[in-house]
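You will see two complexes here that share subunit A, one where it goes with subunit B and one where it goes with subunit C.
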Partner chain A sequence: MPRGPRSLAMQTMAFCIFAMAYDLCFGYTNQCSLGHSVFFGVGAYGVVLSLLHLQSGILLGLLIAFVAGMVVAFLMGSICVRLTEAYFVIVTALFSAIFHLLSLDMTWLTGGDDGLSVTLPDISVGGVRLSLYDPMTNYYFILVFFLASYLLMRRITEAPLGKVFISIRENEKRAAFLGYDPFRYKLAAFVLSGAFTALAGSIYALTLRYATADLFGLYWSIIPIVWCLIGGVGTLVGPCIGVALMFFFQYYVSAWWTHYLILFGVLILVILRTSRKGLLGYLLGR
Partner chain B sequence: MAILEVREITKNFGGLTALKDVCLSVQEGELRGIIGPNGAGKTTLFNVISGDLKPTGGKVYLQGEDITGLPPHKICKKGLGRTFQLTMVFPELTVYESIWVGINSRKEKPWDPFRSFEKDSDVSERAEELCRIVGLYEKRDELASNLSYGDQKALEIAMALSTDPAVLLLDEPTQGVSPKEAEGLIELIVELSKRMTIVLIEHSVDVVLRLCHKVTVLNEGRVIAEGSPEEISRNKEVQRIYLGT
Partner chain C sequence: MASEVASALLFYLVNGLIWGLIIALIALGLSFIFGVMGIVNMAHGDLYMLGAVFAYWIFSALGNFWLSLLIVPVAIGLLAAPTERLILRPFEGHPAVTMIATAGLSFILQQLVLMTYGGVPKELPMPLQGSFDFLGVAYPLYRLFIAALSLVIIASVWLFLHRTDYGILVRASMQDKEIASAMGINVNTVLVFTFVLGCVLAAVGGVLAAPVTQVFYLMGNDVILLCFIVVIIGGLGSLGGTLVAALVLGGVEGLLAYFLSPTGARAAVFAFMVGVLILRPQGLFGTQRG
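Our next item is the complex of A and B:
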């Protein structure tokens, strides 16, 4: 596989995990979080700091990042998920801003704007040593995590839990009168979403081989909403389509016209005007 | 012993008293009707019993247990099911899925991601049975939002039944549906009342007097009369409220 498309595919897969994770929260339980950059950053720093300070190895580092995302999402969710609609959006955005400022400020831990670089140790699985500096190994490594995340999230959304999430999204009050505690289930979706977002962040940091305070920035909170909206909310495949489309614009259309974002914005408007459920919703609805 | 006991419930909204010292005692197996003019506090009473509103004063007992002020999901688990005056279905779930979700809430681990949606036979059998009971078996794969209003009312009842309640509160189940559909719903309620305790709010006094064992009349937040349909239809005050004489 040629270099350009391969590295593009690798980033796409990392962001697809992010997009699907975000939709667990946004599409499945109707919680429009603006705080997911927190989990993305926590995941990225989780793996980088584990490698730098704990010499943990990559697999354990990813696990630490995943669990860290889960814990942070649980703490943040315990506060935010009680709030509804606009209040939820604003408070999650505040968390994102707080984490961003702290990470810029605490340079001793995060390296601030410059970030922290990391050398990736070999991974040894069953006596085989793999180096992520080998491009094809790196590619398959990410592919495995992408597929595993997709299958796990599909399992969750197609299992009873996913149906309960959707019923809460559709009518929270009715779901409560069927015996479900809406807060608990919305928190569960928030925590699962945060954990997989952290995994995406950690994989992204591994492809960059560094983490920076920018990963906590508001950009990373807004971009998943865009992915989900254009691709199709309430599905797992839709957000991935959103990621692919965004990359297409970022890498191919931008070469042709620098102000490609204007085109992209128009495209978003056209898609949402045509179908509130994004591209996938449009295709399935025909 | 009464299966549902409401003791001196008072509910104020700011300065407005919606319910004042309302008492209601429903025996097991009873089909109780609640009637009253608009704004009498019928739905407010249901909201207080089912946990949607916390009462200002008074107590609610279900099967002898104090459930006053518990959140709706806990009261549901204690054995209370309800429907809503304006239908509250899950627009983007099918009939079958909506009922399935309700049955699932009674499972030991309703969240278990490793249990399959399709292959849980005791849930799916019960879901199909409920589809048949309310007459929606042929439409079980329709989205709830595509159903007629009457069918949505039937689905509401099926969803309330899905949690296997001991007491079922029905809030105007025939309101706004065609006469033919209403007839079907009334037959269904009669059928259900043979197996469970039902409290029915109904706008049509005729229906209540025809079906119910006992009728409670609310007006301006107070119970003004209670008794058998015959007693109620002879009651002077009830006649005055309804006929304005």
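Our next item is the complex of A and C:
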């Protein structure tokens, strides 16, 4: 595979995990969070810091990042999930801002704007040593995590748990009458979403080989909403389409026009105008 | 020694309060736009940015800062009216959808400014020289002018809403658009008018802030979250609440900036606001449903 499209595919897959995880929260339980940059950043720093300070291997580092995302999401969720729509959005956005500001401030831990670079140790699985500096290994490594995340999330959404999520999205009161505590299920969706977002963040940090305070920025909270809305809310495939489309734009259009974000803004408006359910919803609805 | 600390604190406090007044101007616009048409305007910070950028352009073209206070509202009005009518109208009333649509607008505005104005932060000279002695602190005259003008604008917005016929139409549409239209109010023009008013308020905030901050194509991102917080804490549609919330936020942030780093101060304010929203989800002054 040529170099350009391969690195594009690797980043796309990392962001696909992010987008699917976000939709678990946004599309499946109708919680429009603006705080997912927290989990993204926590995941990225989780793996980078455990590589730097704990000398953990990459796999253990990813696990630490995943669990860290889960814990942070649980703490944040137990505060936010109870709030009604507008307050939920604002409080999650506040958390994202707090983490961003603190990460800029605490340069001794995070490296601030410049970030922390990391050298990746080899991974040894069953006696085989793999180096992520080999591009194809890196590619398959991310592919494995992308597929595993997709299958896991599909398993979750198709299980009874996922059906409860959808029932809460469709009508929270009725779900409560049926005996499902909306708070607990919404929190569960939030925590799962946070954990997978952290995984996406840690994989992204591994492809970049560094983490910076920027990953906590509001941009990373808004962009997943855009992915989901463009591709199709309430599905797992839709958000991936959104990511792919956006990356196609970023990669090919930015090559001949640096201000491609203008076109991107126009694209958002056009898609919202044609179909609120995104591209996938539009195609399926025809 | 103690008096030095006190005067330094006073300086920081006044700085924070004046910043709070600018925030109040922007947040008022945000509150109107949300209250009347249900648009969560993510591009609102960029209107503040546009105001500042226009002020910079007008200053470099005509050499006069004060003209921008006249030209910018007209220019922004001409820009905002068609935007509302042609682009945002179909999305109104769906907060989540308007959020994405205006985020798209925000991308477009920022990139347009980046293309024409460039990515380097620029500074404007102080339009008013001199300072004012205030309890032993020499305070720059222009900042006091900001405070005075913001208060005048906020007061006239209040008078407009509560003491004029058209203000009643706007308030009626804020309460219930459908009934207002059934009563024969031309809601269509009210919507365009409110959007223009909200945008102009933000842009004027930008003009006023231009000489005391750096004019930069991403400067809107610094204020947008603060304004959302002010609107929510102050209670939607409550003019007094918005003003008080903005002043409290600005003052507290100003005071904390003396003890902590500026980013630390802002983080502390945000953390405090999380607490407030958890304890009083209807805002400090709001009475609407939680």
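The criterion applied here is as follows: the second predicted complex is superposed on the first by the 286 of 286 C-alpha atoms of A that agree within 3 Å, B and C clash if a C-alpha of one lies under 4 Å from a C-alpha of the other, contacts with A are read in each partner's own complex, and residues count from 1 in each chain.
Definition applied: a residue touches a chain if its C-beta (ideal position, glycine included) is under 8 Å from a C-beta of that chain, and two chains touch if they have at least 3 such contacts.
The shown structure was predicted, so the numbers you read here are calculated from the model rather than taken from an experiment.
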item	value
Subunit B versus subunit C as contact partner of A:Leu59, first or second or both or neither	neither
First, second, both or neither for A:Leu75, with subunit B first and subunit C second	neither
Which superposed partner A:Pro160 touches (first subunit B, second subunit C, both, neither)	first
Touched partner set for A:His259, first subunit B, second subunit C, both or neither	second
First (subunit B), second (subunit C), both or neither touched by A:Gly179	first
More subunit A residues in contact - subunit B or subunit C	C
Subunit C-touching residues of subunit A, taken from the complex the two chains share	32, 79, 83-87, 90-91, 93-95, 97-98, 101-102, 104-105, 218, 222, 225-226, 229, 259, 261-262, 264-269, 272-273, 276
Subunit B contact footprint on subunit A (complex, rising order)	155-156, 158-164, 166-167, 170-171, 173-182, 185, 188, 234
Footprint of subunit A on subunit B - complex, ascending	50, 52, 71-73, 76-77, 81-82, 84, 88-93, 97-98, 100-102, 104-107, 110-117, 120, 159-160, 162-163
Contact footprint of subunit A on subunit C as seen in their complex	42, 87, 90-91, 94-97, 99-101, 103-108, 110-112, 114-115, 221, 225, 228-229, 232, 261, 263-264, 266-267, 270-271, 273-274, 277-278, 281, 290
